[in-house]
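Two complexes follow with subunit A in common, the first pairing it with subunit B and the second with subunit C.
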Partner chain A sequence: MGLLTILKKMKHKEREMRLLMLGLDNAGKTTILKKFNGEDVSTISPTLGFNIKTLEHRGFKLNIWDVGGQKPLRSYWRNYFESTDGLVWVVDSADRLRLDDCRKELNALLLEERLAGATLLVFANKQDLPGALSKDGIREVLALDDIKTHHWCIVGCSAVTGENLLSGVDWLLDDIAARIFTTD
Partner chain B sequence: MAALGVEMNVAQDDGETNTAVKVPESVLRRDQARLEEAERRRDVKQSQTVTEEKSDFFTSTFNAEKTQLEEMISSCNDREKAAKTLEEATVKFQQLQKFLNDSVRFLTQYEIRQAQESLQKLQSSITDKREEILPKKKFAFRSRNTSKQQQPTPIQQQTADKPAPGSVGTVVVDAADQCGFSNVDNQVLVRQAEEIQQRDVLLSHLTHCKVRLYGCPSTLHIKNIRSCEIMCGPVSSSVFVDQCTDSTLVFPCQQLRTHNTTATRVYLHVTSRAIIEDCQGVSFAPFTWTYPGILDHFKVAGLSPDRNNWTEVDDFNWLAAGTPSPNWTVIPESERICSWDFVGTAAEQS
Partner chain C sequence: MCSSRDSVDRLHELCAVYYEKRHTNCPSCRMLGYIWQCFYSSCLRFWLKWFLRLVTGRCELQRICARCKAGALRTSQIEYSLKSSKSKVLQTALSVKQNELEDRLAQIIQEKRIKEQKDPTFKVNLRQCLLQINGYNELFEEVEELRKKVFDSENEQHENMLLKLWDLLMPSVKLESRITKQWGNIGFQGDDPKTDFRGMGMLGLTNLLFFSEKHTDAARQVLSHANHPTLGYSYAIVGINLTEMAYSLMKSDALKLHFYNSVSGKAEMQHFHQFYCYLAYEFDKFWLQEEPESIMEFNRYREKFHDKVKGHLQEPEVTLTLTPNPEN
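Our next item is the complex of A and B:
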């Protein structure tokens, strides 16, 4: 029995997952987190530092890290990468101007070795806005089909209405669970 | 011979000879028994020990495997087969590692160290070989970038007035749905409610302009602005301000995110919070502008006219709690502008 197996079994006991929420500023990371947790989303401020939420969902204990985008803290992002099971990349679908930036940031992130094992969920957020690019448009612009290094899925959602948040997170949990919790 | 004969005679003559002879016999018997016992023990021991658990066996097998693996690695120069050969080599290497791990119990410290050293050498030669023959692919998106460069028309240059004819799929920055003003100097620019309602509005590269947006966009981007006066109705989510100099900005919004901005006055109504990052000389005052129908627009944007947190500004470059950031100030009441120039008019609401 290798160390990895032992670690897997330890995790299995707690059924704990660590999710990291990243994306450009104003993508709606904090709003998604709060909406998912059933909190008020009308008074959210730009995130200074980060929010950590631990919540129970489908018998899993989820540790969700929502990291703000401010520059002095970006160099610390790497510290959050270690032992991340799932990466949630949030995209502001209405912000067409910065989709190219968004693609670059995501590509750089996926090259990060410490995120190599993580499952990627892309939330094409703000689908409730009339100017929003569709899920398939985002998929094309971000060149998601070129990603071969991670399991990934894109879900169109709206953090304000809560639409599709659950189905996205459920896919993420299923994919992670199949990978890290040994079936014994 | 003679001496022996004498000795024998002496022995025969001696009365105690009989007992003297008997003692060695019992000793011999015991010795025999001892030898048999030793023999038996040796047999038992031999039956218990396995040939595999001897350091000689380990050393010879380990070395044989090692040489085989070394040959395998050094012979692998063909790019086609390299991947498969290296794969096999890795498997073999892992087996060898396991063999060492299983044998650790009966090896001496020295032998373990020796074996581990040679394993390390093997591993590095495998990795070296792999890098030499099968170098890792760098940045996977290069091909896409080059294909984009081949496209003749950069979409970024197009403004709202000239919608992009290309299909949405290949367009990275599709300006068709973006309304606003770009690259204008010394003009008065006006947009009415229906033109910007719940849309992303972009104002970029403006100099000495007066901008009036009589409506409620979803998001407002203000970028590369110099010496402008920009006023906008309630923005339902965020206002982005980037690289703005010597300007006056007036709007209600849910969040304000200001970057790389200097010497700019913001008359702000913000229902959550404003942030500044890499800014200097930004000053704030409460929102004072009004136009007919603005209260309805507050409702459409989902902003409360009663909640204004314009004094709560977070400076992302100033993380010291307690001391206020030197990068922003509040405009003294005596210096605030209360009446604004009439520029254009808000269209009648239906």
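Our next item is the complex of A and C:
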């Protein structure tokens, strides 16, 4: 009985976060997730449905949901909104033709009531590609400065090389932790 | 004498089977397994082999060839025997090029002091086993090379393959332009399929095209199921996910028994494609039977299907080939 009580208490105290990773198809969501988890990223195929990974980082238990971004799947995104602490919006910075689409989808998400309390991290991914728009370029096209409803931050990164993934996630964790674990 | 020889051989075989078995569930079984493995491979195996050689007058390779019929049973036992051999000539026979094969066979016969006149079929049988074993590894290299080849819009051959895929699957609909929403009708994600090949590269496209070319009716039937309003799924990207499944099964050596049973010599690229066709056709059947709630459940059913296929692939007599039923 003693052990069980301690375990229950520990579980209660465990600092758990739920992160939801969304973006258009081919943005690099699964690659970011796998790279962050230290897995091989050379054999990824398009995501149908979703992937979920639970991992420990800086003493937090992160439940990361990576949901497919293909158009027919976007109507299912709302099934994953509940109790999301952080929203990671992934952008293919080299796919300039679809940045408008990308902005519209993001704006629609920010109006969602169930995401109202979530912190927003925008990954301007694929910075390693020659035609990629810079982090500041993405910030402008997506009109991020107009966002007043959410804490947000944009980080230029490359999922393939792993560049800046850590600093982006660290910012996100700090922001969420300051909001929900303040009593600790 | 003959029957006692057989029973000793069977005992040896049993030991080998026990050795191969993985008791991964319970820790004490695992422990016992380890002890048994160490004991068997370091000491018991050697003396059993010595004893059998003395009684039968034949080496282990000969006994395997005589005992097992051609196929996975024989080839995988030969492979195991060569791998655990202490002789360099035998050990490295697992990675010889096709043009060095004859020399290597002669070396093995010399090394094991085998009298060819007494066992005339041995050389033929061993050659076939070596062709199969080395063929598997060579085929995987070819598959890997094709996977690493990125789909390139500037490459006319790649473009033609993509357009041919459309024509085979949608014979009555003309593609309006190269970049179009129509690609969604055969289950690509966006207006341009090129981004969907990703980690599977040209292997994904070649698999899709092979299925549509060699089994056109089956492929169209699968496509029509994929476009079902409630049970539908994205035909092409499910296909690319299945290429990934075939690739990782091959990489983990899980396809060995299947290839040893179904291809008598060196396995070629077309045999890999044939296996993909089996997956594409069977996955569709599986999906319809299971009636998943939505495409969001894909990964769960993919796992379930993967486990089912993997189960089949462990059966010694396995050969997985597409056998279409002539329905709808």
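Observations, loosely collected:
To be clear about the criterion, the second predicted complex is superposed on the first by the 167 of 184 C-alpha atoms of A that agree within 3 Å, B and C clash if a C-alpha of one lies under 4 Å from a C-alpha of the other, contacts with A are read in each partner's own complex, and residues count from 1 in each chain.
Here is the rule we go by: a residue touches a chain if its C-beta (ideal position, glycine included) is under 8 Å from a C-beta of that chain, and two chains touch if they have at least 3 such contacts.
From a predicted model like this one, the values you see are computed outputs, not experimental measurements.
By the document's definition of touching, of the two partners only subunit C reaches A:79; subunit B does not.
In the superposition on chain A, A:107 makes contact with subunit B only, while subunit C stays out of contact range. With both structures placed on the common chain, the touch criterion links A:146 to subunit B but leaves subunit C unconnected. Of the two partner chains placed by the overlay, only subunit C lies in contact with A:50; subunit B stays clear of it. By the touch criterion defined above, A:26 reaches both subunit B and subunit C. Between subunit B and subunit C, it is B that contacts the larger number of residues in subunit A. Applying the stated contact rule after C-alpha superposition, one finds that A:99 touches subunit B and leaves subunit C untouched. By the document's definition of touching, of the two partners only subunit B reaches A:130; subunit C does not. Judged by the document's definition of touching, subunit A residues 25-26, 42-46, 48, 70-72 lie at the interface with subunit B and also at the interface with subunit C. Chain contact summary for the complex, subunit A toward subunit C: residues 25-26, 41-46, 48-51, 70-73, 76, 79. Listing the residues of subunit A that touch subunit B in their complex gives 25-26, 42-46, 48, 70-72, 94-97, 99-100, 103, 107, 111, 129-131, 133, 137, 140-141, 143, 146, 148. Interface of subunit C with subunit A (complex): residues 147, 184, 189-190, 195-196, 198-200, 204, 233-234, 237-238, 240-241, 243-244, 247-248, 294-300, 302. The part of subunit B that touches subunit A in the complex is made up of residues 139-141, 144, 168-175, 177-178, 198-200, 202, 218-219, 221, 237-238, 240, 254-255, 257, 271-273, 275, 277-278, 302, 314, 316-317, 319.
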